[in-house]
Amino acid sequence: MSLFFLITAAIAIGGTLAAMTRRNPIHCILSLALGLVGVAGVYLALGAQFVGFTQILVYVGAVAILATFALMMTQGHIVSALIEPRRAFSRSSVSGFVTAAGVFSVLGWAAQSYRPLTPSTQQAPAAGAKEVGVALMHTYVLPLEVIGVLLTAALIGAVVIALPSEEERS
Amino acid sequence: MTPVAVDQIFVTTKHLLMGYVPAFWQPLASAILSVVPVLVVFPALFAVTTVLERKGLGRIQNRLGPNRVGPFGFLQPAADGIKSLTKEDVVPRDADKVVHFLAPILLVLASFIVYAVLPIGRNMVIADLNSGLLFFFAVGSMVELAVFMAGWSSRSKYSLLGAMRAVAQMISYEIPLVLAAVVVIMAAGSLSLPAIAEMQSGYTWIWPHWYVLTPWGFAGFVLFMISATAESNRSPFDLPEGESEIIAGYYIEYSGFKFALFFLGEYLGMFATSGLAITLFLGGWSAPFSFLTWVPSYLWFFAKLLVLIAAFIWVRGTFPRLRMDQLMGFAWKFMLPMTLVNVVDAGLWHFMPSGVVRGVVCAAVIVIPFALFSRRAQEGKKLQIRTYRYAE
Amino acid sequence: MSWIVHNLWLVAALPFAAGGVISVMKQRQRTLAAGLAVGSMALSFVLALMAFVQVLTSHGEATRQFSNFAWFQFGAEWVRLGWLLDPLTAVMLVMVTFVGLLIFIYSIGYMAEDENFKRFFCFLALFAGAMLGVLIANNLLLLFMCWEIVGLTSYLLIGFWYEKPSAAAAAKKAFIVTRIGDLGLFLGMAWLYAQTGTLLFYDAGRGCLEANALTTLAMHTTVFGLTLSSAIGILIFCGSAGKSGQVPLHVWLPDAMEGPTPVSALIHAATMVAAGVFLLARVYPLLSAGVTHGMTTTVALQVVTWVGAITALFGALVAVAQWDIKRILAYSTMSQLGYMMIGLGTGGVSVGMFHLITHAFFKALLFLGAGSVIHGCHGEQDIRFMGGLRKAMPVTFAAYSCGMLALCGVPLFSGFWSKDEILHSAFVWNLSRGPFYIGAIGALLTAFYMTRQMIYVYAGTTRLAAESTHGEHGHSGAHESPKVMTVPLLILAVPAVVLGFFGTPVWPWFQSFLEGDTANVSFGALGGAFPLMIVSSLIVFVGLGLGWLLYGRKLIVDVGALDRIESAQPGLFHLLSGAFYINELYAATVVRFTLVAASVSAWLDRWIFGGVVRAISTIFVLFAKVDSFADTHVVNRGFDAGCGSVSYGGSFLSKLQAGKVQRYLKFVGVALFVAVALLFWGGKA
Amino acid sequence: MLGVGVLKGLVETARNFFGSYVSEERLTTLQYPEETSPRIEASRSFPFLVYDGSDWQQGMRCVSCQICEKECPPKCIFIEKSPDKKPDAVGKMQFYPAKFDIDISVCMSCQICVEVCPFDAIKMDVDYNLSATNRFSDLLLDKERLSKSNEYYHEIHPTEAASVDADLAAAREKAAPKPAAPATAAVQTAGTGGAAS
Amino acid sequence: MTPLNLFLLLSALLFSIGLAGALTRRNAILVLIGIELMLNAANINLIAFWRFGPNPEALTGVMFAIFSISVAAAEAAVGLAIILAVYRHNKTTNLNQIDTLKG
């Protein structure tokens, strides 16, 4: 068990826990960014450098920023409106926590009962830009095209959905 | 001493020192020995740059610039530093204290971390990552979050406006920045910055194999530098700071040393992107002519860095600030298509047989779209001397 | 291999590139747009000539050359594309680029006043590129892609004047009807890929049109006792029937005349519809696979022949009773395409292709002539309002006459040779003489309706002024068209006359060329074909005479006068002029069927599914009744009976639909919990 | 083409940059404490009180009429009348200010006090080296610090001072032969003095 | 080297945290963030199985993670756009008050 993994896992867990429990949504998003950096660290611990940095680029650089923008554009200007009331023990919350705890118990049980495995190679196989690029252009070219279409459609769709309609603009 | 020994003096010194360290502590010691020089040199460069910038801007405006503290005013940064250290640290009453405190630290931290992958000289890089370039951009994108944190936590209209402007601008210009760098990745076939620098260290007769000397490399360099200017919020893209309308943007509510940290972060970011531009396009630490290779590599790196910093200062002294819609329009309607064209051009260069024809064709592929785009950009705009009814 | 084989893609890429560049140009850069389009087409023509020369100078195996490359990897499979240069491609390339070039030049004059001039040339260039792509493809997938682009651009061109509702409707119709055919083509392609594992036509022995694959395909039988090759061939034929306007899918072709008058109509008549025939010629080895295994012909070829025969007769019949000059030509095209199908089915590639080539030239001539006539008559398309144009438009008349004589099959004109060859091969077809007789009747009708049209349009005195709205502006009469329009006409008139000599029975150069042989002059071959030639000439002259008898002896002077056939046989005439009411038939069957199916579904929905839902709710109510009974009378007598029954019977399901996403998500979470738990219990046990 | 203007601008600034090293006349900066710009006669900073002769208390022209105090827009002048009288510039017995304070951190240099003074007693100074360590006491100038000699006045505004002296001399001429009618002479002096300044 | 079980456990924990957040938070944006978190947890699994699997040279897990990240990015963009549209319509992002689909 490496120290690096422990540190990054702790960051990931701490950040995401904070992200899901802080009452101020901005704090939530910032902690989420931290937690996702931790997850990227876990990727690095697994030897997937490219994915790790992509993770930071996409989540910290884009998704977190996007979420803050969405927050600002909804009710971000009223700080008091942002803060959620304390109601940790309402019925729906408790049932939600129970569900999540149940899911964790079975998943954790499943993970724990998996037979301990060591990697087949001591050194992680290179997953740098070149290897990923080659794989993308050969074996996975069709998924790549599909993802391209998906991203284009999502881009256009997001713009169309978010555009105010004619009467709202006037 | 031979030129090679001089070139590798820091590397050999480090190895020598490492010999005295017990094996268990070696990783830590190695990290410290690599990191500390960077932590010293670049803030020092920041200090020098501030005074150089002020003097340069002064000369551009036919002034003298700072000349009182120390010889020729070169101790001005020391005076500034003492001033900002001793100033009162004001935090707005309603501010989000924790985030307000963390924002400048995150900014400086992110700006420092990127130096880990920059090759400052031959064999002189802290961490030779496989995906170094990606690392650079990934960590660079954290700056946006820091800026947002600063603006939002201050609970001030101006700082929030400034932060939103800054974030929108940085996100918009990040795309051309990355796309301008993509051409180099295509040519070098690697994301590792030392490898990219190594690729460019050869010579044909006396001329170096720098990417900036190819059509796509030149265009990529110019596009990269424009995006880098916008990315580091420098004039003429310094709207987030717009003194005239939102006073100082996202760091309006900061004072004292935190304010100085913002400046430090901004300048470190500028050095880092300049260093990246040098590594990607200007051959990194390699000498400009084959007969100058005896000069140590790190000197070349810093010489190029100073030239680029001078260019930044020059640009800042020349151009007025853009308007927000012009800024965004420029990013999406000009920079993005041009970088895409440039990517196509680099691909063309790769697949065409080398020769004069290739150069001409690739140059044309860049110049013609540029002419078309610039014509579209200027369409409907009457460029003439403005007359004022009341002001004169 | 020579340079041209490797760079054959340039032929198609040049017009594509021109189209792409034109699309980003400004609306007012008209000269540049036209120049680019024409220039690219001219270059393509030059390249096509080079390819032709290349094929001409090679012999034997070398006449078929291809260049394949890997496009992308798809899992473990590589998708490979390529282009192919064989006599078939070479001939079609020259024809399409030459006719296309003339069309391009012609449309500069024709579209001069249209404000969407640039858009038109963009579409034209794209069309030409796609068409050439179809021709050079050495892969059914590549062919299919270009094929679909052809379909798309034809949709765009037919609907070019989309402000006109009829044009928009025609475009939609053309697109949908041809897509129905393409579905068959797509299925055939998928099937072919599933069976052979490749879509390359020729790949040094591994292609799907080469002996290995064909033998396997011909050996296996599938539904209805068809061999695999025949079944796939019939599916592919669906596609070409859609594109070439064969009978069940012909309805779009006449409507396509809504496009910018002769230009796009001509594209559809001379170029695009030929793509269907070309496709069949390309996959002819597949269609005819199995002939060597003891049978004389295959089911697929029989289908092709009979559909062609029916179309040939159908088109000719309908053309007799049309008033619109372009519709007459459209139906005539349909009929001629039927002939080509007969030729393919009975005589093989060379017979069908020969007629395709000659037809392309003389029909192009006719369409351009019709366009010139319409242009000269200020947009009038109804032949009843024309007349007397022989004097007003002498050049057009001369050229048009050449085309007309060729189409009718008057001896020594090009149409004569090619049509005669088809009739000859149909005559010697050993299964049935049916197609021959149908074809002969069609030939007679062709001569007849063309005579009718000629007399209506060119003979007598003008009837234009009667209805023309331009009367008061001083140019009430018709006028000759500008040079840019008449010169292509004259150029086209030459091949319309002489092209037939390349494929006479005495010197079958064309046929040998397609098969990679050298032609010999042998008068002996004439002997076999001579009687039939006499017969077909007789048929043509009978048709001409009949036409003259009915229309030429006493010229029509009145616009409102009834047609001669109409006055004699009004029922028949209306049946013909309504094109056998196929459109109405479709409206009555296909559309009606859809409506009925919809109402059946509605009935099912209301009574069967709704009944189930109601039954379930009744069961719930019953449960609730029982429960409430128990509650009220057994467990808790104080419980309100109505409250219990409502909450159990009605709102249980509705409660699940709380409209709150998080509750849905919670269900998913619980389900995940249960699923994982079950999975692991199952795994452990 | 896009970018030509950019290059032109860059060339312009580059010329400034290098030119500032080559030609001295480009640099308009003054090294302030060491060198100052030549004084313009019409310049002004804050008011001062003029006295004649050598003794500032004896020669004080101000008669504490308090017109300036009333007219001052920011109300930065504070005057207290003396209990006794002394001869003024024309020789007539008048009150003199027991206290005369100007808060120059409030003063806006409008010169209205100078315009309205009938006795040419208050004039505008040109000194701008006024920085002080205490912003309250050091910038509230009292009578002693305000008083400057007529010679100093001549030195900073020579033309104006000459005409004022001429006016005063004329007034003295008028007042000397007819000491019996001092009131009218004073009025006349005031009229001419006002016109002169 | 860290055993595989720990990675799986971490992934399960992150997944459950994300699920708990998505189930209990009332702000639509935070619910979306919870879902992003669950996707990330799945990505850890993909990468871990790639590293510990029998044939890591095939890069299957890495590719899957990359595609998953792009899908997540697209999902975030569209999801946030939908939230904006909903906010404009309902003037709230509180999911308790958005129940138009109530049966």
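Chains here go by letter, A, B, C, D and E, matching the order in which they are written, and residues are numbered from 1 within each.
Simple rule for what comes next: a residue touches a chain if its C-beta (ideal position, glycine included) is under 8 Å from a C-beta of that chain, and two chains touch if they have at least 3 such contacts.
Bear in mind the structure is a predicted one, so any value in this text is a computation, not a measurement.
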Shortest walk length in steps over touching chains, chain D through to chain E: 3
Touching both chain A and chain B (chains): none
Pair sharing more residue contacts (C-beta pairs) when C-E is set against B-D: B-D
Distance-maximising chain from chain B - centres being C-alpha averages: C
Distance-maximising chain from chain A - centres being C-alpha averages: D
Inter-chain centre distance, chain B versus chain D - centres from mean C-alpha coordinates, in Å: 55
Rounded Å distance between chain C and chain D, as computed from the means of their C-alpha atoms: 101
Whole-Å gap between the CA centroids of chain B and chain E: 34
Chain A-chain E separation of Cα centroids, rounded to whole Å: 6
Overlap residues in chain C, where contacts from two or more other chains coincide: 662, 666, 669
Each pair of chains that touches, named by its two labels: A-B, A-C, A-E, B-D, C-E
Chain B residues within the chain D interface of the complex: 56, 59-64, 314-315, 317-319, 334, 370-371, 373-375, 377-378, 383
Of all residues in chain E, those that touch chain A in their complex: 1-21, 23-27, 29-30, 32-34, 36-37, 40, 43-44, 47-48, 50-59, 62-63, 65-67, 69-78, 80-85, 87-88, 92-93
Sites on chain A touched by chain B in the complex: 24, 26-27, 30, 33, 40, 49-50, 53-54, 56-57, 60-62, 64-65, 68-69, 72, 79, 126, 128-130
Touching residues (chain side chain D, partner chain B) in the complex: 1-3, 5-6, 9-10, 12-14, 16-17, 19-21, 26-29
Touch list for chain A against partner chain E, complex: 1-2, 5, 9, 12-13, 16-17, 19-21, 25, 28-29, 32, 35-36, 39, 42-43, 45-48, 50-51, 54-55, 58-59, 62-63, 66-67, 69-71, 73-75, 84, 92-93, 95-97, 99-101, 103-104, 107-108, 110-112, 114, 116-121, 124-125, 127, 131-132, 135-136, 139-140, 143, 147, 150-151, 154-155, 157-159, 161-162, 164, 168
